[in-house]
Amino acid sequence: MRELLGEGEFELVVPDGATLVDCWEALRARNRKIDALASATRIARNGRVAALLDERVAEGDEIALLPPVGGG
Amino acid sequence: MRELLGEGEFELVVPDGATLVDCWEALRARNRKIDALASATRIARNGRVAALLDERVAEGDEIALLPPVGGG
Amino acid sequence: MSLFAIVRDAIDPRTLEAAVWSEACGAVTMFLGVVRERASDGRPVTGLVYEAHEAMALTEFAEIAHEIGQKYPGVRVGIVHRIGELRVGEIAVAVCAASPHRPAAFDACRYAIDEVKARASIWKNERYADGTGEWVSN
Amino acid sequence: MSLFAIVRDAIDPRTLEAAVWSEACGAVTMFLGVVRERASDGRPVTGLVYEAHEAMALTEFAEIAHEIGQKYPGVRVGIVHRIGELRVGEIAVAVCAASPHRPAAFDACRYAIDEVKARASIWKNERYADGTGEWVSN
C-alpha cells in the first residue's frame, strides 16, 4: 500500500464534522490509485477497525488503512 | 504387577515345545495372584505383543507381561 | 514474559511456555510458524519481512485469548509474533496453550493460530531470490 | 537428537523441534505432557515415576510415525518420553510434528500423542503427599 501510494504516514486535513467516508474521499482526491484498494481494505480509527464508515473523526485521530492481513 | 507378585525378572523353565499359554500356566503355578491380572494384561515375546497365545517359545525368549499402559 | 507480544528478536518458545503453564495443566500445545523455503506458488523464498500495527495486534491477541477463555474454560494461551526481517528457518509466530487436559489444549491452540492468521493486524512481504518482494495475505 | 527416544533427563523441546523441522515446513506443532499437581480423582500429586519397556516403546514410536507418514504425506514427527522420577512441572513426553501446512501438523501431533498414550509400553506410578504410590493407566 505504501509502495502503491508512494507514501506512508501523513497528516490529513478534513473539515469539522467529517466522517470516515470524507477521509476516504480526501485520500482519493490526493491519490486516485487508492481505488485499487477499495474492495480489500479496512479502515481503523485510533487502533480499532471502524464498524461504521459514517463515524465522525476528531483532530488528532489516527486513521489507518489496513490491507488484507498476512500474519503467521 | 511387580508389587502384586513380589518379583520382577526371573527365569521360567518350561518343557520343549511349550506355548505362551503354557508359560502363563507355569507362572500361575508359581503364583496364583496372577489371576487378578488375566483380563487386563497382554503378553509380549521378544519385544512384540503376541497375537496368538499358542505361539511356541524357545530357549532364551524374553516373555513380558504388560499391564495397561500409562504413558504421557 | 508477557502472554501477548510483538517482538523484533528471536522467539524463544520455552519462555512462552513457562509464562502460559500453571500447576493445574497437564497438557501444553504449541504452534510455531516457521519461515519456509518456498512461497505458496512454489517460488523460492529467501526470507520474509513482517510489519504490524502493534497496538492493534496486541489488542487482537488479547481478544482471541479472551474468546478462548470463554470457549475452553481453564485454558490459557500466549501469542508472540516477530516482526522485521526473518530468514528461512526462523520462527515468525508462536502460540502456546496450556490446559488440564489435552483435547482443549489442541482445540485452543488451533483456534488461536487460525484467528491470528485471519485477523491480526500483521502484514507479510515475501522476499524472492531475484531481490524482489511481494505483500501476501493469508 | 534422534526422532524417537526414551530419556532419563530433562526433555528439551527445542532440540526435538530442530530434529523434526526441515526447510519445506512452515508449520510446527508440539505437544508437551507435563506433570500436574493433581491426579484425575483430584488427589494432590507430588510427582510421577515412569517405567518403560524401552525396546518396545521405541518400536511403537517408530510405528506411530510410520502411520503418520502414510496418513499425512510430507509430515515428520518426533516422540521423546522421559522415564524415572519426575516432579510437578517437568515434561514427561514431547511430541513434535512438522509439515508444510498447519492442518496436517495439528492432526499428526494429536494422532501421535493419542497413540502414545493408548499403546506405548510405558507405565506411570503416581506419588501422593502421604508417601504412597499407585500405578495408573490412561
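Lettered A, B, C and D in written order, each chain numbered from 1.
One rule holds in what follows: a residue touches a chain if its C-beta (ideal position, glycine included) is under 8 Å from a C-beta of that chain, and two chains touch if they have at least 3 such contacts.
A quick note: this is a predicted structure, and the numbers were derived from the prediction, not measured.
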Give me the fewest steps it takes to get from subunit A to subunit D if each step has to go to a chain it touches.
2
Between subunit B and subunit C, what's the gap in Å when you average each chain's C-alpha atoms?
49
Taking each chain's mean CA coordinate, subunit A and subunit C are separated, in whole Å, by 27
I'd like the Å distance between the centres of subunit C and subunit D, where a centre is the mean of that chain's Cα atoms.
23
For subunit A and subunit B, let me know how many angstrom lie between their CA-based centres, rounded off.
75
Residues touching two or more other chains, restricted to subunit C: which are they?
33, 113
On subunit A, where are the residues touching two or more other chains?
none
Interchain contacts, given as pairs of chains that touch
A-C, B-D, C-D
Spell out the part of subunit B that touches subunit D in their complex, as residue ranges.
1, 44, 47-48, 64, 66-72
In the complex formed with subunit A, which residues of subunit C make contact?
33, 50, 52-53, 55-57, 59, 81, 92-93, 113, 116-124, 135-138
Subunit C contacts subunit D in the complex at 13-14, 17, 21, 23-38, 88-89, 98, 100, 102, 105-106, 109-110, 113
